[in-house]
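Dropping a structure here in structure tokens format, bear with me for questions.
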Amino acid sequence: MARAVKTQRKALNTAIAWGVGLLIFFPILWTILTSFKTEAEAIADPPVWFNFSWTLENYFTVQERSNYFRHFWNSVVISVGSTLIGLIIAVPAAWAMAFVPGKRTKDVLMWMLSTKMLPPVGVLVPLYLIFRDLGLLDTRIGLVFVLTMINLPIIIWMLYTYFREIPSEILEAARMDGAGLREEVLHVLMPMAVPGMASTVLLNIILAWNEAFWTLNLTAAKAAPLTAFIASYSSPEGLFYAKLSAASTMAIAPILIMGWFSQKQLVRGLTFGAVK
Amino acid sequence: MGKITLSQVTKSFGDVQVIPPLDLEINDGEFVVFVGPSGCGKSTLLRLIAGLEDVTSGRIEIDGAEATELPPAKRRLAMVFQSYALYPHMSVRKNIAFPMKMANVPEDEQARRIESAAKALNLTDYLDRKPGQLSGGQRQRVAIGRAIVREPAAFLFDEPLSNLDAALRVGMRLEISELHERLATTMIYVTHDQVEAMTMADKIVVLRAGHIEQVGSPLDLYRAPRNLFVAGFIGSPKMNFIEGQTAAAHGAHTIGIRPEHIEVSATEGLWQGRVAVSEHLGSDSFFHVHDTGLADVITVRASGEIGFRHGDTIFMTPREDQLHRFGADGLRL
Amino acid sequence: MSTKASRAAARLMISPSVILLLGWMLIPLGLTLYFSFLRYNLLMPGDNPFVGLENYSYFLTDPGFTAAIWNTLALVLGVLVITIGGGIVLALLLDQPMWGQGIVRILVIAPFFVMPTVSALVWKNMFLNPVNGLFAHLFKALGLQPYDFLAQAPLLSIIGIVSWQWLPFATLILLTALQSLDSEQLEAAEMDGAKPLSRFWHIMLPHLARAITVVVLIQTIFLLSVFAEILVTTNGGPGYASTNLTYLIYVQSLLQYDVGMGSAGGVVAIILANIVAIFLMRMIGKNLEA
């Protein structure tokens, strides 16, 4: 009897949760569906759901008309580049703070975090002028630099929280076992830190990929990543829903997939370890 | 060879001196146990010997050679950690091989030593597993295996059994003792459990607040504790301490008598009291006695089954030859 | 604990990060402060005289400023209320036993990974458009007049879009916190005779308090800087109806080329963000000690 009630409850939970989940996901689902429609089907009233003539035409059109893949590639270069450079700078710092904490380590960490609190618009003007004078406007290298600096505190913090979970006794064991600093890092620390580093990388690529303040303000055409390129659809000409959907689907698909993989680490990364 | 000498070693963390100047000699092949309550500096002392902490001043010699400034890797010591500190990403085989790999031991020699260590420690079937797939006792043995294969000058154990359950602890205690018999290598073992100290040690070093309170064989410490602290720390259940007139009658500030050195009777005896709690273990019976007029509680141990219950009147007679007398400064008279 | 040699190496390893971040923070910050005291417009070449607090007084008395402050406030508070209220409900829902929990979780957090320009454009065109949007179709099907959301209720529409983006974040964090609640605590409360509602009120909510605070503070930092959504949907209009502080400063500095005014606005934005940041840092700092 109790068991039957439990199954009923579970069925009800399932129905409600799936309903709410699909409702929240619906805009994305609708975008993906629309990307396979013709422009006429895309604005049809009443809307067509699945029984339309599926086509990939929009995807080809987007590429032909606006050289979509150049912007896609810009996004890849900027997000991956800034993350990897950030990682190279951050790993030694996080390693040192996690394993050789000093009296001021905590202050340094908090200070690094505080740079993240600076509203971007507060430094928009000088940065724009510096970029203009150095010829960095609308260049990928300029954006890589900005995004590296923006995400560096997050990378350091994430790595720090991961490194801190590696028990120091294990590193001491390696030292007792005769490992020098190089062996200690190579054979013991790195293999244990790889999972944490992987999720740090993943989260930072996501954040950099979706960054939409500096990418919009510091690029025009040449170096524009997808965030800025997509924004150019905001002044439409004629029917464009299907093409907009195709461009959007391609822009969010890789990140959606990466995001689903990193959802557990997401919480820790975005709350600087305050919620795990 | 594994003779270790500490001379005038001190350690401070900032302004706090956790080890005041300390001298200690550990002979080759000895099983030495550092014992004391938590925070007494016993682990710090072990880590100073290991080289995991810098000494603030003083000298450490290993086999007559200066080792004070040597990094841990160069001291030829092996350590078994409280948490075992196994490398979680390596198989058991690779864990055990790691120190040999670091020392560039040839591959076939590595394999030979791994095999013999695995055999001795019953790990042969588990060599290709990861530490995460092992039980606590097995992990403990892997940690020991990793220490053995280095053929170190001395083994250091940092509370190695504290994460095991009671039954396993007794078994591992025996295994470590057997290992010492077989290898005859110096072992330094840190614990807060005086039973481990008593059962395993050749020499016990009792520490309190960084000071050495007494050094000696288990029975020396049991028979002739140098002060009240050691008297209270060594032996289970704890020694009874009696102050006041009764002690003065023996010309002491405090007298101590172990629970097992008190005779009990239902009818007659020197002291009289009322049983508050009786614990019957079958082989022994313990009575916690109140209202004696001597101390808050007197603990008594009797062999076999004796039928005192809560509230019974009990008579007790201490064995005069087993009385310990202490002065007002806490030192043995 | 450590030895002397390792401490020296540690300092060396930390320094590149510290130097870079120090430069990144101090140079633009110093320049912003400096520019904010100059009459400096890119359209008017010549020397840039020092004008004291003139830019500040212009910026703070600009009608756009008052509007922007209220809009910023409405945007931040509106999104916070929606995402936290919704987040708690969703977290409780997702914490129940059900089939396909993992998939529902994935569906719910998906919007967080959608880049702001895409979500703004999709909402603007495919949902809120008064002619071809899905809502317009829905209204017509129900026999109602189509409603031009972005023209009639621009700020509310933007609050809706931004809430959709941040609801997953709040849900995910609150769910994580909820799952860390010791189930024995709830069982103990049940044994003590607490009904579901009082279990939620007396046990779950206090347990979530910390996570809620973290969500509030982190979202506030990001919500103060909402930009792309406004740029793409309404351009801050009509009038100043959906202009927030970030967008106002963008208009003044990059569209009107007034470096001095834009910088003064930047300083104001930094001060406001710092007030929030201080609370956030205290929270995280406490956690660091624990």
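Letters A, B and C mark the chains as written, and numbering starts fresh at 1 in each.
FYI, a residue touches a chain if its C-beta (ideal position, glycine included) is under 8 Å from a C-beta of that chain, and two chains touch if they have at least 3 such contacts.
Small disclaimer: the values here were computed from a predicted structure and weren't measured.
Chain A has the Cα centre that lies closest to the mean of all protein Cα atoms in view.
Centroid distances built from C-alpha atoms place B farthest away from subunit C. Separation between the centroids of subunit A and subunit C, computed from CA atoms only, is 16 Å. Subunit B and subunit C have centres, each the mean of its CA atoms, that are 57 Å apart.
Averaged Cα coordinates give subunit A a centre that lies 53 Å from the centre of subunit B. In subunit B, the residues touching two or more other chains are 52. Against subunit C, in their complex, subunit A makes its touches with residues 9-10, 13-14, 16-18, 20-22, 24-25, 27-28, 30-31, 34, 43, 45-47, 89-90, 92-93, 95-97, 99-100, 102, 106, 108-110, 112-130, 149, 152-153, 156, 181, 206, 209-210, 212-213, 216-217, 226-228, 230-231, 233-234, 236, 241, 244-245, 248, 251-252, 255-256, 258-260, 263, 266-267, 270-276. Interface of subunit C with subunit A (complex): residues 2, 6-7, 9-11, 13-14, 16-18, 20-21, 24-25, 27-29, 31-32, 35, 90, 93-94, 96-101, 103-127, 132, 134, 137, 140-141, 164, 167-169, 172-173, 176-177, 180, 210-211, 214, 218, 221, 224-225, 227-228, 231-233, 245-246, 249-250, 253-254, 259, 262-263, 265-267, 269-270, 272-274, 276-277, 280-281, 283-285, 287-289. In the complex of the two chains, the subunit B residues touching subunit A come out as 50-52, 71-73, 77-79, 81-83, 85-90, 98-99, 102-103, 146, 150, 156.
For subunit A in complex with subunit B, the touching residues are 167, 169-170, 172-180, 183, 187-188, 191-192.
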